[in-house]
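Shared between the two complexes below is subunit A, which pairs with subunit B and subunit C, respectively.
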Partner chain A sequence: MSSKALAACAAIILLGGCFQEELPEQNLSGTVVVSGDVVDDIRSLGMVYIGIFEGWNPEQLGYSYPATGPRVGDNPLGDAQPYGGTTVGEYAYPCLRAIQCEVVTGRYPSIDDLLEVNPIANEDGSDMTSEQFYDQCQWYYGWNSVDEFRFVGDELDFTENEAGDYEAEFLAWHSQLPAGSIVWGFVDNDFTTCSASQGAINRRRSDDGAFFREGTNFADVLNFPDKYITEGDLVSSQPTVLTEDKKDGYQLVIDEVLN
Partner chain B sequence: MNRSGKHPGVAPLLFLVALIALLVPGFAAATEQTGTVQGTVADDEGSPLTGAVVTLQSDEMQGVRSFTTKGDGSFWMPGLPPGLYELRAEFSGLQTYVQTGIRVTIGSEVRVDVVLTTAEVTDVVTVVDDKPTVDTADSGQGAVVTKEYLEALPNRRSYQSAVQFAPGVTGGANPNVKGGSSSENVWLLDGANTTDPVTGTFSFNFNLDAIEEIEVITGGFKAENGGTLGSIINVRTESGGNELHGSIRGFYSNGNWSPKRDAIYTPDGRQLEGSEFDRDSQNFDLNVSVGGAIVQDKLWFFSSLKYIHNVGTSAGARSPRVFDGFNLFTKLTARPHPRHEVILSALGSVANISNQIQSFRYDPDAQRHQHQSNFTLGAEWNWRITDSIIANVHYTRFKSAIDVTPQPCTWRDDLRFKQCKEGQSEGYIDFLTPATLGASGARYEDNYWRFSLNDRWRDSVRASVTGFVRRALGTHKIKGGVEFGWTRSQVQFGVPGNLRLTQGLDDSGDPTSVEPFWWVEYDGQISQANNGNSIFGFLQDTWQPAPWLTVDLGVKYDRVVLNNDVGERIVGFNAFTPVGGVSVDPSGRKMAKIYLGGGINIDQGKLLVSGFLDKNGTGSKLYVEERYGGSEVNTSFSQWNYSRGQSNYNSHDKLTAPRVYGLVTGFEMNIGAKTKVGLEGTAKWFRNLWEDDEVNYIWNGAGTNTIGVINGLQDYFFRLRTPNQASRNYYSLSFILQRQMFKGLLLDINYTMSMTRGLTETQITGALDNPTQQPFEYGWLGSDRPHVIKASAAYLTPFGLQVAGTFRFQSGSRFDRTYYSDKSGGYAVYVAEVGTFDSVNPFWSVDLRAIYKLKMPYGRLFFQVDLYNVTNNRQATGISTATLNSRGEYNASGRQGPMDLQLGIGYEF
Partner chain C sequence: MTRSLLLLAASGLLFTGCDLDGSELLQSFDPETGESLPVTVVDLDRVDEPPTVCSQEDVNDGDCETYLGAVGPSDLGTGQLSGATFTFDGTGGRVCVLIDPQSVWRDDRVLEPSGNPVTNPFMDDYPFDDGDLDLLTGLASYYTGTPGDTMGDFVNDFVDDNGVSRRVDLNLCLQDDTHGQTGGTSGRATPEMCSFQTLENTPYRIALYAFSVPVDDNELKYALQVREGNCPVQIDECTLRGDRDRAPEGALPFGLDNVEEMYCEGFPEE
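Up next is the complex of A and B:
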């Protein structure tokens, strides 16, 4: 070992904190804006998927879509090979099978709001009240504080800006960020990305012992978005291009409704 | 040897060793194994006496050591085995001075300044050493568990339990020491590194009667104390003396003497924890040790044997766990020449554990057996080159084996063991019959489903030279050394019959909608062998510019190489690190000290780290899944075949050396005969620990599930790293009150207030696998114990009955509320910093011991009663957070052991 290498080694050890790991992955942050023109009620907005891709192709499907690899098997399109991504919101099981795969976190400030968007009928035909809903969740999860209900709360994902659009911050963890790649996203408004046959096995069997799963998103959404994008979903018509050495402050606009 | 004390030809040797120490990179601990007595001899006018003869003798030191004082009246007697010593100073025409009861412990620098008077009241004046225990020249932290401690205080006759007396030590048999994890300690046996090279844990059990002393170094490491982020636990064994001595002791305990606990139910009838009423346990151990001279003053021996038989059945288990173990230790010490000492030692142990899995899920036919053994061979040469220079060379070979197999069968039908079948001989191990796992929730049948044969080696050669230099701006104790280490691990594992039948239910447990199916797994036998090598070099100077001031300075060099099973270098680094410390005696009379020390220690890694990237483990498996409908028609078939080139484990290009920065400070002062109080503060910053992350999955914003994969393959891909996030901080303040056994009374009280925060306590965890969880992963760690009190006392009554008790209190561990992760299928998602949800309640216990020794011809008859956890406290020591709810209902994952009575009888001579 050369003396220079030894000196460098000693410096690394002594200074410790100077160790630069130089990981190829970085965090990417920014704001996603959902145009007010394409949203009727922000509470009913589906899960927002944001991905980082090599490029995009506005012609292939008639709307903005990531560039894909070759088709394999029965897939309608090839793998989009994402570099990373994230979501705004997640599927949360709301204690009742009736609205399984229909509730996204960060949308509802209260149980009343949730029930207003997703009315639930009791066995006698009456509308379920927030108290009854709370009791059901308390029984189901064993929680006794509304603070633990992840699908309602004061901290909502989106806020309305002066232009009447809805903004939310996003953070794509641990993503590869080659310069020139794009950030593209879509909103799954009809919950086709949620699989009712996946997720946790029901934690408390009901009296009839019914078996079910609570539902969760499919694991390949960013690889094959076309499998899940359907009529009524929203897409970003103009992806955002990443520039070198910039890792935050990006804005992605989702402004197109698929008909 | 000439009378001047200078040895011709020594200088080149010293130069060579020092050069090696300086230039060659290094590994492992070269911790001091002996103590030193030094001081001066003067007349009653304060004039130093040249030519005074100082002699030391002890039961622990074969023969007598003598020294003639130098021109400044000083003497220096290093290399003393720990024990109680008598010092005699003689000078023609003056009164002879004798001091008894001098306690020398490992690494201690005991100072005795003698004044010889001309008063002729008597020819000999004898003084019993009641000086306190403050080592004013030491800027380190730790504890020495002496023979008296081991005999007097209740310690379950386990050296690992005895380590728990030290301040800052918590946890179990592999303890957490001042922020270190349970796998970050270095375990030494007479200085030989016996730490498991794969896991970093202890590797042997031992007859407590064969132990002379246990040194636990918890902070303020000297340069020679390398290779650890946690502590150095140094077990020093007994040696034979000129007189024959020995003991035989037997101990017995029975779990049926202990109160048991009923099952615990929630108000709605759900069982939280099982009953312990069907638990049945017995423990018997026999300990024999003997030592003496083969050739008086030339050759001595010591030998020790331990046998353990333990039986226990956990609640619900269908067959009893049986542990049978032997441990044999032998040591030969030869001193063919007054300046040369050769020590040969061998430790061998073997144990068999039958029906190892205590679970209702395992039929006796499907039980697991573990055979474990280890062997340690040590050869040491101590050469007192001159009165001021000693050299030490130490070779150690350590080998361990752990073989986990299906339970050997027996033809005896009175045992709830696996029964032999036709054609099988007694003890036959079935590697051919596939195991069957019943439908979900059912149990294993037919055979145990896996086997692994593990062998581990550690070889080390160490050489060091210690010199005592006077009149060079004070005195210097200079020590330099080098240690070369080689480690190797080999494991073979596979599945009996290369087949496992899993009889399950479709759709992960829905009993209402599916047909049973079979999962057939072909898993060929796989062999892995990885290895490492290391070099550790150090040079240190303990400098005393004035009698009240000691300065420690040192530098270390670590070179570590760890390879995987195909010979790829996974880890390879070199590191120079400094250490230093200052100790001041404000009294000027060796009555107190204030100290400050600090330094950096490097983790030398474990084969676990390079084994993470073994290729064969994931390289040649073939899984075949076949599903059949109820009509026995094959309805699906899928196959996964991993080739060697598709390993899902990789290493990041840039790794750095995991390390700890340590800073210690404190003071100690004597407050009475052999009694001291102290306050010690410790700060440790662990940095760049071994970790891995998962690099393929893309997670949703909450981290509860994945939404895509980067490389197109739905599978985990891991990467070894030493990230900056993998850190841990520890801060503590300890109060200490300690009285060595003196006039029948021993006291040891300490209270430690501490905090431990960080990313992880275990290496290569999943802490970084889900990046969205990173803001929450750093927090209070499970080993954090804000308040720990340990109070022990022993008293020898005038009637010969010795009684002792230990009280321990410690805060419960912190835990978190976790939420369900769809990806992992378990409760793994945090919404707040780890460790912030709540803490397990604190727990405490009282242990008692009574010993009576009855004088008999040639020796003493010995009776001992130990009572552990006298009040039968059963506080939870850990909980399963998955089922926790906000009503406070949770399952204890561990509880304090019940009250336990142990009886002992023996004879010693």
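Up next is the complex of A and C:
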């Protein structure tokens, strides 16, 4: 009797695992390619924003941009109303405020690389060394090995392909993916999408007596990308159009520098 | 037998635990009657002396009349909101809406660190008379509520070119939050304002939502002004007056009973 009950329970569990919820939201994956022609140093590439939008309208602003909804009130532009989106890299607090909002994950293989791109001056005017930076991070985060640094390491987002372009995988979670919608993206090279007054509270506030936020991206970047796109940022000059029932293997090329 | 008794006792304890009543924590709970107060939705277009749109000339002369109203508690859990609506015709220019919910919110306690209420007349507050009112505006045709019956908003549905059902917020009252992001509202007892461009002779609606009401009487007083033109650069608790109750005896220092007057005018000269 008990073995039958066990079998019944197992069957119920198995059937439960097969339940198809029929949700309209699906994951979208693919590759983002940043043209080598528009990148001087891949280590200094800003956060890459990728959105899934209703349509494309390159005329409205004079450069490649998603179609937008109506302009409401004093908003200078309508909401692009993304179905969903994702990023490649994210802002990480780099242990000290001198370069807050300037460090993106997945860009730096070593502390030396980070300091080469983002030199930090000590109080006496000398350049901060890797050892000093390591000590600062050890104090701030409690990290005891460079392997623990979330913004430094061998697992970089971008790899250079044979054509000299830079490729990274992307995955946009739980988005509606109607056929005809577009994938469009941009790179914020000057960190205007980072809000220094948001994000986690500094975790050493009791030691240094200061309160600040570690910084994170604004919440409406994909709704109003134009608020944040500035000179020197990169955009995809052509969107990628989604097709019916295809959720993987898309490629988005970011190849235009805005002047 | 012992096991049965234990099970019975455990069941009793469990059922007792299920008998918790959290209604006293709700803003609609009336401690005097022990019952929940209903939501109130006021149609200001139908009151005896409704608000008016203050002309630019009166704005310049400082002669705008302030409308003083009151709303009851909201039931945030069920989404039933108390509030008020006011409809006016667009002027063809910009219109500014200002509200000030009861009463004053003291966030200046560090202005003068002596701890002396004489040298710092703003030290004392009566915190049980504060509430929070939030402001939305938009074209009346986009309003989803029913004035005098149910509060709504300006979020509308549409089907986009890809056949996907979407929502768009057509609220014209765009206020910045502390991070400079559009979509903020002020907090407890703090005034709000916004201005927006209007179409001439086109109905616009102002919707005021009770987010929280004072705990002392479950009723939120507020002051409202609708003006032609842009809003002032800055407003504070003293821009609109009258959004207060008489404080209970002894709640304020020196026998004062008007916390707003105390805040805006300071203590009387001795």
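To be clear about the criterion, the second predicted complex is superposed on the first by the 238 of 259 C-alpha atoms of A that agree within 3 Å, B and C clash if a C-alpha of one lies under 4 Å from a C-alpha of the other, contacts with A are read in each partner's own complex, and residues count from 1 in each chain.
Going forward, a residue touches a chain if its C-beta (ideal position, glycine included) is under 8 Å from a C-beta of that chain, and two chains touch if they have at least 3 such contacts.
Because the structure is predicted, anything quoted here is derived from the model rather than measured.
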item: First, second, both or neither for A:Gln198, with subunit B first and subunit C second; value: both
item: Which of subunit B and subunit C A:Trp143 touches, first, second, both or neither; value: first
item: First, second, both or neither for A:Ala179, with subunit B first and subunit C second; value: second
item: First (subunit B), second (subunit C), both or neither touched by A:Leu222; value: first
item: Partner, of subunit C and subunit B, that touches more residues belonging to subunit A; value: B
item: Touched partner set for A:Pro70, first subunit B, second subunit C, both or neither; value: second
item: Partner chain in contact with A:Gly51 - subunit B first, subunit C second, else both or neither; value: first
item: A:Phe19 touches, of subunit B and subunit C: first, second, both or neither?; value: first
item: Which superposed partner A:Asp79 touches (first subunit B, second subunit C, both, neither); value: both
item: Which of subunit B and subunit C A:Thr87 touches, first, second, both or neither; value: first
item: Overlapping contact positions on subunit A, where the subunit C interface meets the subunit B interface; value: 69, 79, 81, 83, 176, 197-198, 219-220
item: Subunit B residues touching subunit A - in the complex, by the definition given at the top; value: 507-513, 573-578, 600, 602, 652-654, 656-657, 659, 661, 687-688, 693, 695, 698-702, 704-712, 714, 721-724, 771-772, 774, 819-820, 822-823, 825, 831, 885-887, 889
item: Subunit A residues within the subunit C interface of the complex; value: 54-55, 69-70, 72-75, 79, 81, 83, 176, 178-181, 195, 197-198, 218-220
item: Residues on subunit C engaged by subunit A in the complex (per definition of touch); value: 160-164, 166, 168-174, 178-179, 181-182, 196-197
item: In the complex, subunit A residues that touch subunit B; value: 1, 6, 9-10, 12-14, 16-17, 19-23, 25, 27, 47, 49, 51, 69, 79, 81-91, 105, 141-145, 148, 150, 170-171, 173-176, 197-201, 209-211, 216-217, 219-223
